[in-house]
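Notes for the one structure printed next.
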Amino acid sequence: MKKHLFKHITQLRVRNYEIDWQGIVHNANYLLFFEVGRIEYLKHIGLKLNLSSIQTDSRVVLVRNEIDYKNSAQFDDLLNIYTRVSYIKNTSFAFEGIIEDETAGRLIAENIAYHVWLHPKTGKPIRVRKDFRDKVGAFEGKNLRLIGEKK
Amino acid sequence: MKKHLFKHITQLRVRNYEIDWQGIVHNANYLLFFEVGRIEYLKHIGLKLNLSSIQTDSRVVLVRNEIDYKNSAQFDDLLNIYTRVSYIKNTSFAFEGIIEDETAGRLIAENIAYHVWLHPKTGKPIRVRKDFRDKVGAFEGKNLRLIGEKK
Amino acid sequence: MKKHLFKHITQLRVRNYEIDWQGIVHNANYLLFFEVGRIEYLKHIGLKLNLSSIQTDSRVVLVRNEIDYKNSAQFDDLLNIYTRVSYIKNTSFAFEGIIEDETAGRLIAENIAYHVWLHPKTGKPIRVRKDFRDKVGAFEGKNLRLIGEKK
Amino acid sequence: MKKHLFKHITQLRVRNYEIDWQGIVHNANYLLFFEVGRIEYLKHIGLKLNLSSIQTDSRVVLVRNEIDYKNSAQFDDLLNIYTRVSYIKNTSFAFEGIIEDETAGRLIAENIAYHVWLHPKTGKPIRVRKDFRDKVGAFEGKNLRLIGEKK
(Lines give C-alpha, C1' and ligand atoms only; values in the text may rest on other atoms or scores of the structure.)
Protein backbone atom coordinates (compact mmCIF):
# COMPACT_ATOMS: atom_id res chain seq x y z
CA MET A 1 0.00 0.00 0.00
CA LYS A 2 1.03 3.57 -0.61
CA LYS A 3 1.48 5.25 2.75
CA HIS A 4 1.45 8.77 1.31
CA LEU A 5 -2.22 8.32 0.39
CA PHE A 6 -3.22 8.03 4.07
CA LYS A 7 -4.21 11.18 5.92
CA HIS A 8 -5.38 9.66 9.23
CA ILE A 9 -3.23 8.09 11.94
CA THR A 10 -4.21 6.60 15.29
CA GLN A 11 -1.72 5.37 17.85
CA LEU A 12 -1.98 2.31 20.06
CA ARG A 13 0.40 0.76 22.52
CA VAL A 14 0.50 -3.05 22.55
CA ARG A 15 -0.79 -4.38 25.87
CA ASN A 16 0.59 -7.49 27.54
CA TYR A 17 -2.57 -9.56 27.15
CA GLU A 18 -2.46 -9.04 23.39
CA ILE A 19 0.70 -11.16 23.27
CA ASP A 20 0.25 -14.85 22.57
CA TRP A 21 2.24 -17.91 23.58
CA GLN A 22 4.76 -17.25 20.82
CA GLY A 23 5.66 -13.95 22.46
CA ILE A 24 4.17 -11.78 19.71
CA VAL A 25 0.85 -10.04 19.13
CA HIS A 26 -1.75 -12.67 18.28
CA ASN A 27 -2.77 -12.45 14.62
CA ALA A 28 -6.45 -11.83 15.38
CA ASN A 29 -5.62 -8.72 17.42
CA TYR A 30 -4.52 -6.83 14.31
CA LEU A 31 -8.14 -6.97 13.14
CA LEU A 32 -9.08 -5.23 16.36
CA PHE A 33 -6.38 -2.60 15.87
CA PHE A 34 -7.50 -1.87 12.31
CA GLU A 35 -11.04 -1.51 13.61
CA VAL A 36 -9.88 0.99 16.22
CA GLY A 37 -8.33 2.92 13.34
CA ARG A 38 -11.59 2.92 11.38
CA ILE A 39 -13.64 4.08 14.35
CA GLU A 40 -11.23 6.91 15.11
CA TYR A 41 -11.30 7.85 11.42
CA LEU A 42 -15.09 8.07 11.37
CA LYS A 43 -15.09 10.16 14.53
CA HIS A 44 -12.41 12.42 13.08
CA ILE A 45 -14.29 13.20 9.87
CA GLY A 46 -17.47 13.88 11.81
CA LEU A 47 -19.46 10.70 11.34
CA LYS A 48 -20.63 10.12 14.85
CA LEU A 49 -20.55 6.53 15.89
CA ASN A 50 -22.10 5.61 19.17
CA LEU A 51 -23.73 2.62 20.63
CA SER A 52 -27.31 3.65 20.07
CA SER A 53 -26.75 4.57 16.43
CA ILE A 54 -25.20 1.16 15.89
CA GLN A 55 -27.96 -0.81 17.50
CA THR A 56 -30.91 1.01 16.00
CA ASP A 57 -29.56 2.04 12.65
CA SER A 58 -27.03 -0.59 11.72
CA ARG A 59 -26.86 -0.63 7.98
CA VAL A 60 -23.20 -1.17 7.28
CA VAL A 61 -21.78 -4.66 7.31
CA LEU A 62 -18.24 -5.92 6.96
CA VAL A 63 -18.26 -8.56 4.22
CA ARG A 64 -14.58 -9.33 3.73
CA ASN A 65 -11.25 -8.80 5.45
CA GLU A 66 -7.81 -9.25 3.92
CA ILE A 67 -4.80 -9.04 6.21
CA ASP A 68 -1.15 -9.33 5.20
CA TYR A 69 1.19 -9.96 8.10
CA LYS A 70 4.63 -8.45 7.46
CA ASN A 71 6.41 -8.36 10.81
CA SER A 72 5.41 -9.21 14.35
CA ALA A 73 4.55 -6.53 16.86
CA GLN A 74 5.82 -7.03 20.40
CA PHE A 75 4.75 -6.08 23.90
CA ASP A 76 4.83 -2.34 24.54
CA ASP A 77 5.39 -1.42 20.87
CA LEU A 78 3.83 1.89 19.93
CA LEU A 79 1.87 1.30 16.73
CA ASN A 80 0.81 3.80 14.10
CA ILE A 81 -2.44 2.78 12.45
CA TYR A 82 -3.03 4.49 9.11
CA THR A 83 -6.62 4.44 7.89
CA ARG A 84 -8.34 5.62 4.72
CA VAL A 85 -11.40 4.91 2.61
CA SER A 86 -9.93 3.91 -0.72
CA TYR A 87 -13.08 3.74 -2.84
CA ILE A 88 -16.85 4.14 -2.74
CA LYS A 89 -19.03 2.25 -5.20
CA ASN A 90 -22.80 2.44 -5.43
CA THR A 91 -23.63 0.17 -2.47
CA SER A 92 -20.19 -0.63 -1.06
CA PHE A 93 -16.87 0.85 0.00
CA ALA A 94 -13.51 -0.25 1.33
CA PHE A 95 -11.22 0.82 4.14
CA GLU A 96 -7.49 0.31 3.83
CA GLY A 97 -5.20 0.18 6.83
CA ILE A 98 -1.50 0.00 7.55
CA ILE A 99 0.05 -0.76 10.92
CA GLU A 100 3.65 0.18 11.49
CA ASP A 101 5.87 0.20 14.52
CA GLU A 102 6.56 3.83 15.48
CA THR A 103 10.00 3.27 16.94
CA ALA A 104 11.58 1.03 14.34
CA GLY A 105 9.43 2.20 11.45
CA ARG A 106 8.80 -1.42 10.49
CA LEU A 107 5.70 -2.37 8.54
CA ILE A 108 3.62 -4.73 10.68
CA ALA A 109 0.44 -5.49 8.71
CA GLU A 110 -1.87 -4.27 5.97
CA ASN A 111 -5.63 -4.63 5.75
CA ILE A 112 -8.47 -4.12 3.32
CA ALA A 113 -11.94 -4.25 4.90
CA TYR A 114 -14.84 -4.38 2.44
CA HIS A 115 -18.20 -3.04 3.58
CA VAL A 116 -21.69 -3.05 2.12
CA TRP A 117 -24.52 -0.64 2.93
CA LEU A 118 -27.77 -2.44 3.70
CA HIS A 119 -31.36 -1.38 4.12
CA PRO A 120 -31.99 -1.76 7.86
CA LYS A 121 -35.26 -3.64 7.33
CA THR A 122 -35.01 -5.56 4.08
CA GLY A 123 -31.29 -6.28 4.39
CA LYS A 124 -30.84 -5.55 0.68
CA PRO A 125 -27.84 -3.49 -0.49
CA ILE A 126 -28.71 0.18 -0.93
CA ARG A 127 -26.77 3.20 -2.09
CA VAL A 128 -24.01 4.37 0.29
CA ARG A 129 -25.55 7.21 2.28
CA LYS A 130 -24.93 10.79 1.17
CA ASP A 131 -23.43 12.08 4.42
CA PHE A 132 -20.86 9.27 4.34
CA ARG A 133 -19.99 10.08 0.70
CA ASP A 134 -19.75 13.77 1.41
CA LYS A 135 -17.66 13.60 4.56
CA VAL A 136 -15.28 10.94 3.25
CA GLY A 137 -15.01 12.83 -0.05
CA ALA A 138 -14.21 16.09 1.69
CA PHE A 139 -11.57 14.42 3.84
CA GLU A 140 -9.91 12.19 1.24
CA GLY A 141 -10.12 14.59 -1.70
CA LYS A 142 -8.64 13.27 -4.92
CA ASN A 143 -7.28 10.11 -3.26
CA LEU A 144 -10.78 8.68 -3.05
CA ARG A 145 -11.91 6.67 -6.04
CA LEU A 146 -15.62 6.94 -6.86
CA ILE A 147 -16.35 3.85 -8.88
CA GLY A 148 -19.27 3.61 -11.30
CA GLU A 149 -20.45 7.16 -10.72
CA LYS A 150 -21.71 9.22 -13.60
CA LYS A 151 -19.81 12.43 -14.03
CA MET B 1 -15.63 -23.16 -1.22
CA LYS B 2 -16.54 -26.74 -1.93
CA LYS B 3 -17.63 -28.32 1.34
CA HIS B 4 -17.32 -31.87 0.03
CA LEU B 5 -13.54 -31.44 -0.16
CA PHE B 6 -13.30 -31.04 3.63
CA LYS B 7 -12.68 -34.14 5.75
CA HIS B 8 -12.22 -32.52 9.16
CA ILE B 9 -14.85 -30.88 11.35
CA THR B 10 -14.55 -29.31 14.78
CA GLN B 11 -17.50 -28.01 16.75
CA LEU B 12 -17.67 -24.90 18.86
CA ARG B 13 -20.48 -23.29 20.78
CA VAL B 14 -20.58 -19.48 20.69
CA ARG B 15 -19.98 -18.05 24.16
CA ASN B 16 -21.66 -14.91 25.43
CA TYR B 17 -18.48 -12.85 25.65
CA GLU B 18 -17.82 -13.45 21.95
CA ILE B 19 -20.89 -11.35 21.14
CA ASP B 20 -20.31 -7.67 20.44
CA TRP B 21 -22.44 -4.60 20.94
CA GLN B 22 -24.36 -5.33 17.76
CA GLY B 23 -25.59 -8.59 19.27
CA ILE B 24 -23.58 -10.82 16.93
CA VAL B 25 -20.22 -12.57 17.07
CA HIS B 26 -17.50 -9.95 16.68
CA ASN B 27 -15.77 -10.27 13.30
CA ALA B 28 -12.32 -10.87 14.79
CA ASN B 29 -13.55 -13.92 16.70
CA TYR B 30 -14.01 -15.89 13.50
CA LEU B 31 -10.23 -15.78 13.05
CA LEU B 32 -9.95 -17.44 16.46
CA PHE B 33 -12.52 -20.07 15.52
CA PHE B 34 -10.71 -20.91 12.27
CA GLU B 35 -7.51 -21.21 14.25
CA VAL B 36 -9.16 -23.64 16.66
CA GLY B 37 -10.11 -25.66 13.57
CA ARG B 38 -6.51 -25.70 12.30
CA ILE B 39 -5.10 -26.76 15.64
CA GLU B 40 -7.63 -29.58 16.01
CA TYR B 41 -6.83 -30.62 12.43
CA LEU B 42 -3.10 -30.84 13.14
CA LYS B 43 -3.74 -32.83 16.30
CA HIS B 44 -6.08 -35.14 14.43
CA ILE B 45 -3.59 -36.01 11.67
CA GLY B 46 -0.87 -36.64 14.22
CA LEU B 47 1.18 -33.45 14.05
CA LYS B 48 1.64 -32.74 17.68
CA LEU B 49 1.37 -29.13 18.61
CA ASN B 50 2.21 -28.14 22.10
CA LEU B 51 3.55 -25.13 23.78
CA SER B 52 7.16 -26.19 23.96
CA SER B 53 7.29 -27.13 20.29
CA ILE B 54 5.91 -23.75 19.40
CA GLN B 55 8.31 -21.76 21.48
CA THR B 56 11.51 -23.60 20.60
CA ASP B 57 10.81 -24.73 17.10
CA SER B 58 8.52 -22.14 15.62
CA ARG B 59 9.11 -22.15 11.94
CA VAL B 60 5.69 -21.70 10.47
CA VAL B 61 4.28 -18.20 10.11
CA LEU B 62 0.90 -16.96 9.02
CA VAL B 63 1.46 -14.41 6.27
CA ARG B 64 -2.05 -13.66 5.04
CA ASN B 65 -5.66 -14.15 6.08
CA GLU B 66 -8.73 -13.75 3.90
CA ILE B 67 -12.14 -13.93 5.54
CA ASP B 68 -15.49 -13.66 3.83
CA TYR B 69 -18.38 -12.96 6.19
CA LYS B 70 -21.63 -14.49 4.91
CA ASN B 71 -24.04 -14.50 7.86
CA SER B 72 -23.75 -13.55 11.51
CA ALA B 73 -23.41 -16.15 14.22
CA GLN B 74 -25.36 -15.56 17.41
CA PHE B 75 -25.00 -16.42 21.08
CA ASP B 76 -25.22 -20.15 21.79
CA ASP B 77 -25.04 -21.16 18.11
CA LEU B 78 -23.34 -24.49 17.59
CA LEU B 79 -20.78 -23.98 14.84
CA ASN B 80 -19.23 -26.55 12.54
CA ILE B 81 -15.72 -25.57 11.54
CA TYR B 82 -14.49 -27.35 8.42
CA THR B 83 -10.71 -27.34 7.94
CA ARG B 84 -8.40 -28.58 5.22
CA VAL B 85 -4.98 -27.94 3.74
CA SER B 86 -5.76 -27.03 0.15
CA TYR B 87 -2.23 -26.91 -1.32
CA ILE B 88 1.41 -27.30 -0.45
CA LYS B 89 4.05 -25.47 -2.48
CA ASN B 90 7.79 -25.66 -1.97
CA THR B 91 8.03 -23.30 1.03
CA SER B 92 4.39 -22.47 1.70
CA PHE B 93 0.92 -23.93 2.13
CA ALA B 94 -2.65 -22.81 2.73
CA PHE B 95 -5.44 -23.80 5.06
CA GLU B 96 -9.04 -23.32 4.01
CA GLY B 97 -11.88 -23.10 6.49
CA ILE B 98 -15.66 -22.92 6.46
CA ILE B 99 -17.85 -22.07 9.44
CA GLU B 100 -21.49 -23.00 9.30
CA ASP B 101 -24.28 -22.96 11.83
CA GLU B 102 -25.14 -26.55 12.76
CA THR B 103 -28.81 -25.97 13.48
CA ALA B 104 -29.83 -23.80 10.56
CA GLY B 105 -27.16 -25.04 8.18
CA ARG B 106 -26.34 -21.44 7.27
CA LEU B 107 -22.91 -20.54 5.93
CA ILE B 108 -21.28 -18.11 8.39
CA ALA B 109 -17.77 -17.41 7.08
CA GLU B 110 -14.96 -18.69 4.88
CA ASN B 111 -11.24 -18.33 5.39
CA ILE B 112 -7.97 -18.90 3.58
CA ALA B 113 -4.89 -18.72 5.81
CA TYR B 114 -1.56 -18.63 3.98
CA HIS B 115 1.50 -19.94 5.79
CA VAL B 116 5.23 -19.95 5.06
CA TRP B 117 7.83 -22.33 6.48
CA LEU B 118 10.87 -20.50 7.84
CA HIS B 119 14.30 -21.54 8.99
CA PRO B 120 14.17 -21.04 12.77
CA LYS B 121 17.48 -19.17 12.82
CA THR B 122 17.89 -17.34 9.53
CA GLY B 123 14.18 -16.65 9.07
CA LYS B 124 14.48 -17.48 5.36
CA PRO B 125 11.79 -19.57 3.70
CA ILE B 126 12.70 -23.25 3.54
CA ARG B 127 11.02 -26.31 2.12
CA VAL B 128 7.86 -27.42 3.94
CA ARG B 129 8.96 -30.21 6.28
CA LYS B 130 8.58 -33.81 5.18
CA ASP B 131 6.44 -35.02 8.10
CA PHE B 132 3.96 -32.22 7.43
CA ARG B 133 3.82 -33.13 3.73
CA ASP B 134 3.43 -36.82 4.49
CA LYS B 135 0.75 -36.54 7.13
CA VAL B 136 -1.30 -33.94 5.32
CA GLY B 137 -0.92 -35.92 2.09
CA ALA B 138 -2.06 -39.14 3.73
CA PHE B 139 -5.09 -37.42 5.25
CA GLU B 140 -6.19 -35.28 2.32
CA GLY B 141 -5.41 -37.75 -0.46
CA LYS B 142 -6.22 -36.53 -3.94
CA ASN B 143 -7.87 -33.33 -2.67
CA LEU B 144 -4.47 -31.88 -1.81
CA ARG B 145 -2.76 -29.93 -4.59
CA LEU B 146 1.02 -30.24 -4.63
CA ILE B 147 2.15 -27.20 -6.57
CA GLY B 148 5.46 -27.03 -8.36
CA GLU B 149 6.52 -30.56 -7.43
CA LYS B 150 8.36 -32.71 -9.94
CA LYS B 151 6.61 -35.99 -10.60
CA MET C 1 -15.37 -24.64 48.53
CA LYS C 2 -17.29 -27.85 49.05
CA LYS C 3 -17.55 -29.58 45.71
CA HIS C 4 -20.29 -31.93 46.87
CA LEU C 5 -22.68 -28.98 47.13
CA PHE C 6 -22.50 -28.36 43.38
CA LYS C 7 -25.07 -30.02 41.13
CA HIS C 8 -24.22 -28.38 37.81
CA ILE C 9 -21.14 -28.97 35.65
CA THR C 10 -20.18 -27.47 32.29
CA GLN C 11 -17.15 -28.55 30.32
CA LEU C 12 -14.79 -26.35 28.33
CA ARG C 13 -11.62 -27.11 26.45
CA VAL C 14 -8.87 -24.49 26.71
CA ARG C 15 -8.23 -22.89 23.33
CA ASN C 16 -4.79 -21.78 22.18
CA TYR C 17 -5.60 -18.08 22.13
CA GLU C 18 -6.55 -18.22 25.80
CA ILE C 19 -2.91 -18.94 26.63
CA ASP C 20 -0.74 -15.96 27.51
CA TRP C 21 2.94 -15.26 27.10
CA GLN C 22 3.73 -17.28 30.20
CA GLY C 23 2.34 -20.39 28.52
CA ILE C 24 -0.72 -20.66 30.79
CA VAL C 25 -4.32 -19.52 30.66
CA HIS C 26 -4.41 -15.78 31.22
CA ASN C 27 -5.92 -14.95 34.62
CA ALA C 28 -8.76 -12.86 33.17
CA ASN C 29 -10.01 -15.79 31.10
CA TYR C 30 -11.13 -17.66 34.20
CA LEU C 31 -13.74 -14.94 34.72
CA LEU C 32 -15.04 -15.75 31.26
CA PHE C 33 -15.10 -19.47 32.02
CA PHE C 34 -17.03 -18.95 35.26
CA GLU C 35 -19.49 -16.81 33.33
CA VAL C 36 -19.98 -19.59 30.79
CA GLY C 37 -20.79 -21.83 33.75
CA ARG C 38 -23.37 -19.39 35.08
CA ILE C 39 -25.08 -18.99 31.73
CA GLU C 40 -25.28 -22.75 31.20
CA TYR C 41 -26.62 -23.09 34.74
CA LEU C 42 -29.41 -20.59 34.08
CA LYS C 43 -30.32 -22.31 30.82
CA HIS C 44 -30.31 -25.66 32.56
CA ILE C 45 -32.73 -24.67 35.33
CA GLY C 46 -35.05 -23.08 32.80
CA LEU C 47 -34.28 -19.39 33.13
CA LYS C 48 -34.02 -18.46 29.52
CA LEU C 49 -31.27 -16.05 28.76
CA ASN C 50 -31.09 -14.60 25.34
CA LEU C 51 -29.86 -11.44 23.80
CA SER C 52 -33.16 -9.65 23.61
CA SER C 53 -34.05 -10.38 27.23
CA ILE C 54 -30.69 -8.98 28.27
CA GLN C 55 -30.95 -5.77 26.32
CA THR C 56 -34.54 -4.90 27.17
CA ASP C 57 -34.89 -6.30 30.63
CA SER C 58 -31.48 -6.13 32.20
CA ARG C 59 -32.00 -5.93 35.90
CA VAL C 60 -29.23 -8.05 37.31
CA VAL C 61 -25.80 -6.59 37.80
CA LEU C 62 -22.55 -8.14 38.89
CA VAL C 63 -21.21 -6.06 41.77
CA ARG C 64 -18.19 -8.05 42.96
CA ASN C 65 -15.98 -10.91 41.84
CA GLU C 66 -13.55 -12.88 43.99
CA ILE C 67 -11.23 -15.33 42.27
CA ASP C 68 -8.70 -17.60 43.92
CA TYR C 69 -6.11 -19.02 41.54
CA LYS C 70 -4.93 -22.45 42.67
CA ASN C 71 -3.15 -24.02 39.68
CA SER C 72 -2.60 -22.98 36.09
CA ALA C 73 -4.65 -24.45 33.27
CA GLN C 74 -2.78 -25.25 30.06
CA PHE C 75 -3.56 -25.43 26.37
CA ASP C 76 -6.03 -28.17 25.50
CA ASP C 77 -6.94 -28.95 29.10
CA LEU C 78 -10.50 -30.12 29.53
CA LEU C 79 -12.02 -28.09 32.35
CA ASN C 80 -14.97 -28.92 34.56
CA ILE C 81 -16.80 -25.81 35.67
CA TYR C 82 -18.98 -26.35 38.73
CA THR C 83 -21.66 -23.71 39.29
CA ARG C 84 -24.23 -23.10 42.00
CA VAL C 85 -26.22 -20.30 43.58
CA SER C 86 -25.11 -20.36 47.18
CA TYR C 87 -27.53 -17.87 48.71
CA ILE C 88 -30.38 -15.51 47.90
CA LYS C 89 -31.00 -12.46 50.06
CA ASN C 90 -33.78 -9.93 49.60
CA THR C 91 -32.23 -7.97 46.70
CA SER C 92 -29.04 -9.91 46.01
CA PHE C 93 -27.62 -13.37 45.46
CA ALA C 94 -24.27 -15.06 44.84
CA PHE C 95 -22.95 -17.63 42.43
CA GLU C 96 -20.08 -19.86 43.42
CA GLY C 97 -17.87 -21.59 40.91
CA ILE C 98 -15.06 -24.14 40.88
CA ILE C 99 -12.86 -24.93 37.89
CA GLU C 100 -10.93 -28.16 37.90
CA ASP C 101 -8.87 -29.97 35.32
CA GLU C 102 -10.78 -33.08 34.22
CA THR C 103 -7.75 -35.23 33.43
CA ALA C 104 -5.56 -34.55 36.44
CA GLY C 105 -8.37 -33.66 38.81
CA ARG C 106 -6.43 -30.57 39.91
CA LEU C 107 -8.25 -27.59 41.36
CA ILE C 108 -7.64 -24.60 39.05
CA ALA C 109 -9.67 -21.72 40.46
CA GLU C 110 -12.60 -20.74 42.66
CA ASN C 111 -14.98 -17.82 42.24
CA ILE C 112 -17.74 -16.02 44.08
CA ALA C 113 -19.74 -13.61 41.93
CA TYR C 114 -22.08 -11.28 43.82
CA HIS C 115 -25.14 -9.96 41.98
CA VAL C 116 -27.80 -7.39 42.78
CA TRP C 117 -31.29 -7.19 41.30
CA LEU C 118 -32.13 -3.67 40.09
CA HIS C 119 -35.27 -1.94 38.95
CA PRO C 120 -34.75 -1.52 35.20
CA LYS C 121 -35.76 2.15 35.25
CA THR C 122 -34.86 3.57 38.64
CA GLY C 123 -31.73 1.45 39.06
CA LYS C 124 -32.63 0.91 42.74
CA PRO C 125 -32.20 -2.55 44.27
CA ILE C 126 -35.44 -4.52 44.28
CA ARG C 127 -36.46 -7.94 45.55
CA VAL C 128 -34.95 -10.87 43.62
CA ARG C 129 -37.63 -11.98 41.18
CA LYS C 130 -39.91 -14.84 42.11
CA ASP C 131 -39.22 -17.08 39.09
CA PHE C 132 -35.49 -16.87 39.86
CA ARG C 133 -36.11 -17.77 43.52
CA ASP C 134 -38.42 -20.61 42.59
CA LYS C 135 -36.28 -22.20 39.90
CA VAL C 136 -33.02 -21.88 41.81
CA GLY C 137 -34.75 -23.15 44.93
CA ALA C 138 -36.16 -26.17 43.14
CA PHE C 139 -32.78 -27.02 41.64
CA GLU C 140 -30.55 -26.40 44.65
CA GLY C 141 -32.88 -27.74 47.33
CA LYS C 142 -31.53 -27.59 50.83
CA ASN C 143 -28.08 -26.43 49.67
CA LEU C 144 -29.47 -22.97 48.95
CA ARG C 145 -29.35 -20.51 51.83
CA LEU C 146 -32.26 -18.07 51.96
CA ILE C 147 -30.95 -15.20 54.04
CA GLY C 148 -33.18 -12.81 55.90
CA GLU C 149 -36.42 -14.51 54.85
CA LYS C 150 -39.25 -14.85 57.29
CA LYS C 151 -40.29 -18.43 57.81
CA MET D 1 -10.09 2.80 48.66
CA LYS D 2 -8.33 6.04 49.44
CA LYS D 3 -7.39 7.69 46.18
CA HIS D 4 -4.93 10.08 47.78
CA LEU D 5 -2.65 7.13 48.61
CA PHE D 6 -2.07 6.39 44.91
CA LYS D 7 0.90 8.00 43.17
CA HIS D 8 0.70 6.27 39.79
CA ILE D 9 -1.86 6.81 37.06
CA THR D 10 -2.15 5.23 33.62
CA GLN D 11 -4.74 6.23 31.06
CA LEU D 12 -6.67 3.99 28.71
CA ARG D 13 -9.40 4.70 26.23
CA VAL D 14 -12.16 2.06 26.02
CA ARG D 15 -12.14 0.39 22.61
CA ASN D 16 -15.27 -0.75 20.81
CA TYR D 17 -14.48 -4.46 21.04
CA GLU D 18 -14.29 -4.21 24.82
CA ILE D 19 -18.02 -3.48 24.91
CA ASP D 20 -20.32 -6.44 25.42
CA TRP D 21 -23.87 -7.15 24.32
CA GLN D 22 -25.24 -5.05 27.16
CA GLY D 23 -23.54 -1.99 25.70
CA ILE D 24 -20.99 -1.65 28.51
CA VAL D 25 -17.43 -2.79 29.12
CA HIS D 26 -17.46 -6.54 29.79
CA ASN D 27 -16.65 -7.26 33.43
CA ALA D 28 -13.59 -9.37 32.63
CA ASN D 29 -11.95 -6.50 30.77
CA TYR D 30 -11.45 -4.54 33.97
CA LEU D 31 -9.01 -7.23 35.08
CA LEU D 32 -7.05 -6.52 31.91
CA PHE D 33 -7.12 -2.79 32.57
CA PHE D 34 -5.87 -3.22 36.14
CA GLU D 35 -3.09 -5.41 34.79
CA VAL D 36 -2.09 -2.71 32.31
CA GLY D 37 -1.88 -0.39 35.31
CA ARG D 38 0.39 -2.79 37.20
CA ILE D 39 2.71 -3.28 34.26
CA GLU D 40 3.03 0.46 33.67
CA TYR D 41 3.66 0.89 37.40
CA LEU D 42 6.50 -1.63 37.39
CA LYS D 43 8.04 0.00 34.32
CA HIS D 44 7.71 3.41 35.92
CA ILE D 45 9.53 2.48 39.14
CA GLY D 46 12.31 0.81 37.16
CA LEU D 47 11.45 -2.86 37.46
CA LYS D 48 11.93 -3.94 33.91
CA LEU D 49 9.37 -6.35 32.69
CA ASN D 50 9.86 -7.88 29.33
CA LEU D 51 8.95 -11.08 27.68
CA SER D 52 12.21 -12.89 28.21
CA SER D 53 12.35 -12.06 31.90
CA ILE D 54 8.85 -13.42 32.29
CA GLN D 55 9.46 -16.66 30.51
CA THR D 56 12.79 -17.53 32.08
CA ASP D 57 12.48 -16.01 35.50
CA SER D 58 8.82 -16.14 36.35
CA ARG D 59 8.58 -16.24 40.09
CA VAL D 60 5.64 -14.06 40.87
CA VAL D 61 2.16 -15.51 40.73
CA LEU D 62 -1.23 -13.92 41.09
CA VAL D 63 -3.13 -15.93 43.71
CA ARG D 64 -6.30 -13.90 44.23
CA ASN D 65 -8.24 -11.10 42.61
CA GLU D 66 -11.03 -9.07 44.18
CA ILE D 67 -12.97 -6.67 41.96
CA ASP D 68 -15.77 -4.37 43.02
CA TYR D 69 -17.83 -3.01 40.15
CA LYS D 70 -19.20 0.45 40.92
CA ASN D 71 -20.35 1.93 37.62
CA SER D 72 -20.15 0.79 34.00
CA ALA D 73 -17.60 2.19 31.61
CA GLN D 74 -18.79 2.91 28.08
CA PHE D 75 -17.30 3.00 24.61
CA ASP D 76 -14.69 5.73 24.16
CA ASP D 77 -14.52 6.60 27.86
CA LEU D 78 -11.10 7.78 28.93
CA LEU D 79 -10.18 5.84 32.06
CA ASN D 80 -7.71 6.72 34.78
CA ILE D 81 -6.16 3.63 36.32
CA TYR D 82 -4.62 4.26 39.72
CA THR D 83 -2.13 1.63 40.88
CA ARG D 84 -0.14 1.10 44.04
CA VAL D 85 1.49 -1.65 46.06
CA SER D 86 -0.34 -1.49 49.37
CA TYR D 87 1.76 -3.93 51.40
CA ILE D 88 4.69 -6.30 51.27
CA LYS D 89 4.83 -9.28 53.58
CA ASN D 90 7.64 -11.82 53.78
CA THR D 91 6.69 -13.86 50.69
CA SER D 92 3.73 -11.96 49.32
CA PHE D 93 2.44 -8.51 48.38
CA ALA D 94 -0.69 -6.85 47.06
CA PHE D 95 -1.50 -4.35 44.36
CA GLU D 96 -4.50 -2.10 44.71
CA GLY D 97 -6.16 -0.42 41.76
CA ILE D 98 -8.90 2.10 41.11
CA ILE D 99 -10.46 2.82 37.73
CA GLU D 100 -12.34 6.04 37.28
CA ASP D 101 -13.84 7.80 34.30
CA GLU D 102 -11.75 10.88 33.51
CA THR D 103 -14.55 12.98 32.09
CA ALA D 104 -17.30 12.37 34.62
CA GLY D 105 -15.02 11.56 37.52
CA ARG D 106 -17.15 8.49 38.29
CA LEU D 107 -15.66 5.55 40.15
CA ILE D 108 -15.81 2.51 37.84
CA ALA D 109 -14.11 -0.34 39.72
CA GLU D 110 -11.67 -1.25 42.46
CA ASN D 111 -9.28 -4.18 42.60
CA ILE D 112 -6.95 -5.94 45.01
CA ALA D 113 -4.56 -8.39 43.37
CA TYR D 114 -2.65 -10.65 45.74
CA HIS D 115 0.70 -12.01 44.59
CA VAL D 116 3.14 -14.57 45.98
CA TRP D 117 6.85 -14.82 45.23
CA LEU D 118 7.91 -18.36 44.30
CA HIS D 119 11.20 -20.13 43.87
CA PRO D 120 11.44 -20.67 40.09
CA LYS D 121 12.41 -24.33 40.49
CA THR D 122 10.83 -25.63 43.65
CA GLY D 123 7.71 -23.51 43.39
CA LYS D 124 7.83 -22.86 47.14
CA PRO D 125 7.14 -19.36 48.45
CA ILE D 126 10.31 -17.39 49.05
CA ARG D 127 11.06 -13.93 50.40
CA VAL D 128 9.99 -11.07 48.12
CA ARG D 129 13.13 -10.03 46.23
CA LYS D 130 15.19 -7.13 47.49
CA ASP D 131 15.10 -5.00 44.35
CA PHE D 132 11.31 -5.18 44.36
CA ARG D 133 11.19 -4.17 48.04
CA ASP D 134 13.65 -1.36 47.50
CA LYS D 135 12.08 0.14 44.40
CA VAL D 136 8.52 -0.13 45.62
CA GLY D 137 9.59 1.24 48.99
CA ALA D 138 11.35 4.21 47.42
CA PHE D 139 8.34 5.01 45.25
CA GLU D 140 5.56 4.49 47.79
CA GLY D 141 7.33 5.88 50.81
CA LYS D 142 5.30 5.85 54.00
CA ASN D 143 2.15 4.66 52.22
CA LEU D 144 3.61 1.17 51.89
CA ARG D 145 2.91 -1.19 54.75
CA LEU D 146 5.71 -3.63 55.51
CA ILE D 147 4.00 -6.43 57.37
CA GLY D 148 5.80 -8.78 59.71
CA GLU D 149 9.19 -7.10 59.28
CA LYS D 150 11.50 -6.68 62.22
CA LYS D 151 12.43 -3.10 62.83
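To keep things simple, chains are lettered A, B, C and D as they appear, and every chain counts its residues starting from 1.
Here is the rule we go by: contacts are C-beta pairs under 8 Å (C-beta built on N, C-alpha and C of every residue); 3 or more make two chains touch, one makes a residue touch a chain.
This is a predicted model, so every value here is computed, not measured.
Engineer: Through what angle, between 0 and 180°, must subunit A be rotated so its C-alpha atoms fit those of subunit D, rounded to a multiple of 5?
Structural biologist: Roughly 180 degrees of rotation.
Engineer: Report the chain whose mean Cα position is at the greatest distance from that of subunit D.
Structural biologist: Of all the other chains, the one whose centre lies farthest from subunit D is B.
Engineer: Please decide if copies subunit B and subunit C contact each other with the same set of residue positions, more than half shared, or with different positions, and reply same or different.
Structural biologist: Shared-number fraction above one half, so same.
Engineer: Quick one: subunit B and subunit C, Cα centre-to-centre, how many Å?
Structural biologist: 33
Engineer: Between subunit C and subunit D, what is the gap in Å from one C-alpha centre to the other?
Structural biologist: Here subunit C and subunit D have centroids separated by 25 Å.
Engineer: Return the residues of subunit C touching two or more other chains; collapse runs of consecutive numbers into ranges.
Structural biologist: 16-17, 19, 21, 23, 28, 32, 35, 51, 55, 75
Engineer: Name, in rising order, each residue of subunit B that touches subunit D in their complex.
Structural biologist: 16-17, 19-21, 23, 26, 28, 55, 75
Engineer: In their complex, what parts of subunit B are in touch with subunit C?
Structural biologist: Per the stated touch rule, the residues are 15-17, 19, 23, 32, 35-36, 39, 43, 50-51, 55, 74-76.
Engineer: In their shared complex, at which residues does subunit C touch subunit D?
Structural biologist: 21-23, 27-29, 31-32, 35, 51, 54-55, 58, 61-69
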